[in-house]
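Look at the two complexes coming up: chain A is in both, with chain B in one and chain C in the other.
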Partner chain A sequence: MNQSPSSQPGSDGAGFDLSQFHAIFFEEAGENLANMEGLLLDVDIDAPDDEQLNAIFRCAHSIKGGAATFGFADVVELTHVMEALLDRLRRHELVPTSAMVDTLLESGDALRALLGRHRDQGDEELDFGELVDRIRVLTEGAAATAGAQVAASAEPAPRAEAPAPAVAGAAPVSGKRRLAARIGPLARAAIADQLVELFHDIPGLGEIEPADAGELDDGGYRHFSIVTETPDEELLDLFAFHVDRSQVSLRLADEGPDGAHATGEGAEAHADGWGLFEGPAKQGAAGTRVEPAGAAPSGDTTADAASGASRPPAAPPGGAGSGRRADRATRDASTLRVSVEKVDQLINIVGELVITQAMLAQTGRDLDPIVHQQMMSCLVDLERNTRLLQESVMAIRMIPMALVFNRFPRMLRDLTAKLGKRVELQTVGEATELDKGMVEKITDPLTHLVRNAADHGIEMPEDRIAAGKNPVGRITLSAQHRGGSILIEVQDDGRGLGRERILAKARERGIPVSDSMSDGEVFALVFEPGFSTASEVTDVSGRGVGMDVVRRNIQSLGGSVEIDSAEGYGTRVSVRLPLTLAIMDGMSVGVSTETYIVPLGSVVESINLEPSMIRSVGGVNQILEVRDEFLPVVSLQDFFAVPRAEESARGNSTVIVVEAEGQRVALLVDELIGQHQVVVKNLEANYRKVPGISGATIMGDGRVALILDVAHLVRRARH
Partner chain B sequence: MQIAEPERTLSGRSNGPVPREYLTFRLRAEEYGIDILKVQEIRGYENPTRIANAPSFIKGVINLRGVIVPIVDLRIKFGLGDAEYNEFTVVIILNVHDRVVGMVVDSVSDVLELAPSDVREAPDLSAVVDASYIIGLGTVAERMLILVDIERLVSAPDMAIVA
Partner chain C sequence: MAAILAVDDSASIRQMVSFTLRSAGHEVIEAVDGEDAVEKLRDHAVDVVLTDQNMPRMDGLTLVRTLRAREDCRHLPILILTTESSDAMKEMGREAGATGWLVKPFDPERLINVIDTVMSR
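And then the complex of A and B:
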């Protein structure tokens, strides 16, 4: 906006309190920053993709617009110089350099800090004057020779993107231009006169003259001639106070009728700016593009495609830089921004509904099906509908892994620069979805694994060349659904794990090992607390506090982690997680008068027991032979000290073989009751963590049943 | 009876301001009072689901409209003899420090408003209830109420509810 930011953030001259929109602005600015960072990291210095440059420009522009409205002058200043640099870049007046990308990334961080301070109303001093100067210096740098200097007459070209985010900001900030404005269709001619008032009220906006006699033409339109320096985008924003955006059409006056310019329809779905007047972004709408560099049509989505990883589709001709992303999740821009509490509330209520429906089903079982035929068929329908409702609601909380993977390119870039290594990151399966709650908890462990891969896995470039490898190492992050779980893998093509080194280190630490241990068991030693074979501790990793915490965090989510490696070739860490924490398939078992739930995912098989099948070892421990394997027997009655009134025929007569972390154990119970989907309730909300129990659920009769922590039982049994 | 330091009577031991309205209940022959604002509801007793290896005074957990709530039997905790569970047994559901906890008592009486002048400092006896949890002794008509800071009591480590 040309008006100076008001001194009092949150209100403007008209006494309109804008502070209620702050939250939306900060959220969207955050997304714009994340988007911008991703795009910057993706830029190929040698063959920059115009679409990407434009998108980066738009991100900065959006933030600037919003910041100006709310009076955040420091943000405006920084984004303004960024815009200037980006503008020159996308118009090929400058050749992109690595220094520019680094500086822009740094600016992104600075913006985050500034916005954070505004949001939290902190008072620490943040001065980025030096950064601003640096950007200015870069902006004044050598003009590009590559590509034709965009001549003045071809200037409309960047504005020629028909779809919504009309990059009208590309209009020369300096230099007047003459516009022909067509306003309508209007109900009354006088409505458009208010636009004339705008030009009177706002100094420096420009000059406007009616190009008609003050009356509507046959189509109900008014025509004006405007001479201004103000970018189209800002004019449109101002006009929107009086007329609908769809009613405004701006054309350069010295262009022909088919001059490439954002038409009315394009201007309407303005997704640029502050998101206050959000409309769906148009995808690849009509409109000519007089674009010298011939980039791909921008069927892109802007930052308002809320949660999804909105990247432009990987279609740019010769866009080598963008080929680095293996998958792209293109999101439809019609999304809804909903608070997490509302979704959680919905999930809770649906969970209750599932329980009530189960109770109804149980009660209905006692009824005579013939007499109550109508009721029974209703119950069947109810069960189906409840199940579908539950699946749909759980799906709401699922978000793509891309959100977890997004932070790694930047992290790796900074990390490898510090370590002097060269690493390429590849991501597969970014669109794989995971429950939002798990996403938050898996991020730290994954970060640690990636840092490890970069720090300990990938060798220095010279070592790699000496080993006959590509000097650029590769780290691959992948996510896929496997059975009822999600499998996330971090794989590197580095030096791999040395079996002997690990064994030696283990012996050094007093961990009992033997040479006959399988590779898998040796590699698993890495998870022991304090274990690190790093020859030196860097400030990145190597202190050995990481891997055991990683494993514990993953286990607390009900997941498991494994390492596989080949010395000299690389290492792969596989993390397996349940798809969601809230609902689980379980098998209910009876022990005396109590019922326990065994997670179905860990059940291998069940066996009817003859007493003679259980042998004892050392008089205390009991083992059972199952398919040529001897498994330790865990009696749930003993483990949970379940009181038993009297020995019954059914007592301790069934065995459930369960598996966790690659090891098996035989659970001794009275009987198998059934199999159901259970809603997992947190025991620790009001009570505390109980060893051997991972949660609780409510059965069909309204009573609470405890869910077994199989991993814990297995661990206890095998030590 | 003169109180040596009147200013120090009530808030000396407990954390927050002295509550005004108390829910009174009985444990054996003794009557206790707790801040009514900490009470969420009062229910009859239902058999909880036992939790292995928990202290004997933690009976287990119940399902309270979808929330898992631990149940504590104060009669067992304070060693007041045999605890009976019949149709008159009452469970007071408390909401303290964002936790929901139920406690079993013999019976619940009424809600009383007590002015600070009705509350006297409790003498320092090594009572069943650790004196640090007692706000004071309230007198109403002929009754003596042992006023307990229930929030502090429930959060105490030896209650084994808060991890």
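And then the complex of A and C:
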């Protein structure tokens, strides 16, 4: 691309390296794009909301401004034509159509790609020329029948920010005259050369010569000097073959400096894009400094009808993320952007602090409280402050579920179009917060569940009508806090799960079932590996991922998932997750000299063992009889080969019944020590992956306790 | 050495302007839109206002009008940032009472020159 040096990313005007601001711009642009997409999906073609159209315009405009400032000309070109279309839409000069929304959504994707390439310094060719042309075509479309109202209606947004009408106010329309033409912004200087060709090709059109050196100026513009008798309008029509109307600016060039862009009387203009208005009252002068007097801001800022932007933002539509729009200005003013690594490191250090504090507390217990009264009192304070610190730091990483829900409107729109179904998405509780690490891991499973609901749950419109239902199906995504966990549900009003069908299919797959299974157990069969087959998994639901992987992923996060359904009415999948991965409630158990932690969420009960309760089967496996149920027994001592110095009365005398993946197992340990909240440390990162162990922690006595991977133990025991 | 109020809803542009002008020895106060700008004027002494046009809550032109209606801001130099040197926009800027305009994109050097010129009048 032919860009003038100072507009290339990362280069300077005389010693300024602007690339340090690029990262922020990319983030901002990403937010604007997300915002724009949400708004576009919300647009009601038949009754478009003015405030929405304005907001969409502002998103594109904002991206353009930043891209222009930092020299990303390809982004400028695309946003420029988008802006032209959006501007006509918000002025009611065009009626919004589904094609326009789709094209704008596509443009959003294109912008993401272009920005991504700039950010990652990629070198693939990205050419969106065809998209740009399509947008131009849409922009030139027939004016709305409501167009007659345009002149009369009090159009809120200032006309000024629109691509300007090409012809200046007072210039005569025809007669031999000299014009100064400014063309741009352009991605390549050579585009404007084609205008020179026009004058060669068409006799009598006039004369044109470049008023620049053939290169784009700082703003991406070319300048020409034209002598012609042809009326401006005709010139513009001809130029439109090569450049957009909005990229052409014609000015009567008087005996002003060549290439200068005179702006009419009373202004001191500079060729390089800035100027000051004449007039004594307007001039800055020494001594015009405004001191903070605490003076009240003048009048009623919302009374200014000429500026739509000062109207209070419209109530946010139901889509995710839109509620944040209204607060963005205030949020901007009082938030910090902090890198995730910094926050993670902070959490790590606080975790270490918690462990040290626990050790101090432990040591303190051995001291005489009277002698060390002062220190004991400090230790109490320390414990409280440490706990508060930990809670505050964990709260930093909490982000609203809206960020997860955000992607679904677009995904569903594309998906239902492909499937020929009609689905309405409803989200509840977007403001519910979840740890950032969890959010990243829950996104894929949730996506699978939503896809399932749309693909297998919601019926085709004809079938729904035949069943007496609304042809538009509904999927509801909800998130809420429930007693120390977060509960996320995906509910659809589709065909529901058929008990008999599932039992039959399970038998086909060789999965052991019985007719006496409860509905809950039958529905849970859907999670069995191998339940859904290739013939069932459509191209849309996933590459054979399967509900078993979904459940495993959720469980690896320390969560659980259940299905409930009513045939003919719908299905609801409930996912329960802990609020964070970094801290866990656990039950500590002793085996010989070792301590293990059992995640509290998987503990069913603990039992003091009587020898008669355990039986051997086949001489090897042991089973435990508990209230008419037989559970496999896993001896932790055997499983982990824990050395035991001598047999003691305490050895292997307690059983903890645990549950994972719908199955129960009895863990054989020496004793139940206690229940604590532990800071989870990653074992794999510090040592290696150990089967049966999901993490580690440091106890108050400074020793390491390993955290059990209950799902793994259950799986091993049941085979 | 001037105190400049930079008004723009884009953080990257605000930061770029701040960095540039501070490197030239000026003091910069940032505001995210017109309303925020008016707030900031309550607590800071300001020599020049540099404002974007398209911002939520209160846009650039409205800010200019609001300030010009105040006795203490009548002669305060206010520059409007525009993305094209659209003449209509300049007209509106002039009508609203702005001191001048600056076209985006501008390079840092130009920004410093403009501020210097305005301050020396």
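Going forward, the second predicted complex is superposed on the first by the 426 of 719 C-alpha atoms of A that agree within 3 Å, B and C clash if a C-alpha of one lies under 4 Å from a C-alpha of the other, contacts with A are read in each partner's own complex, and residues count from 1 in each chain.
Throughout what follows, a contact is a pair of C-beta atoms (placed from the backbone, for glycine too) under 8 Å apart; a residue touches a chain by one contact, two chains touch by 3 or more.
Please read these numbers as outputs of a predicted model, since none were measured by experiment.
Q: Which of the two partners, first being chain B and second being chain C, lies in contact with A:Asp218: first, second, both, or neither?
A: Only chain C is touched by A:Asp218; chain B is not.
Q: Answer with first, second, both or neither: which of chain B and chain C does A:Phe639 touch in the superposed model?
A: The answer is first: A:Phe639 touches chain B but not chain C.
Q: State whether A:Ser62 touches chain B only (first), chain C only (second), both chains, or neither.
A: After superposition on chain A, A:Ser62 lies in contact with chain C alone.
Q: Return first, second, both or neither, reflecting whether A:Phe21 touches chain B, chain C, both chains, or no partner chain.
A: second
Q: Between chain B (first) and chain C (second), which, if any, makes contact with A:Asn682: first, second, both or neither?
A: Touch status of A:Asn682: first partner only.
Q: After the superposition on A, what does A:Leu706 contact: first (chain B), second (chain C), both or neither?
A: first
Q: Between chain B and chain C, pick out the one touching the greater number of residues of chain A.
A: In the superposed model, C touches more residues of chain A.
Q: Could you say whether A:Phe70 touches chain B, chain C, both of them, or neither, answering first, second, both or neither?
A: In the superposition, A:Phe70 touches chain C alone.
Q: Both chain B and chain C touch chain A; at which residues?
A: Touching chain B in the first complex and chain C in the second, no residue of chain A appears in both lists.
Q: Under the definition above, what is the set of chain C residues touching chain A in their complex?
A: Interface residues on the chain C side: 3, 9-13, 15-16, 19-20, 23, 31-36, 38-39, 41-48, 52-59, 61-62, 65-67, 69-70, 72-77, 79, 82-94, 97-110, 114, 117-119, 121.
Q: If you look only at chain A, which of its residues touch chain C in the complex?
A: 6-7, 12-14, 16, 18, 20-22, 24-25, 28, 58, 61-62, 64-66, 68-71, 158-165, 168-169, 182, 185, 218-219, 249, 261, 263-264, 266-267, 272-277, 281-286, 288-295, 297-299, 301, 304, 306-307, 309-310, 313, 328-329, 332-333, 337
Q: Sort out for me which residues of chain A touch chain B in the complex.
A: 348, 351-352, 355, 594, 639-642, 681-693, 696, 698, 702-706
Q: What does chain B use to touch chain A in their complex?
A: 48-54, 60-63, 65-70, 99-101, 160-163
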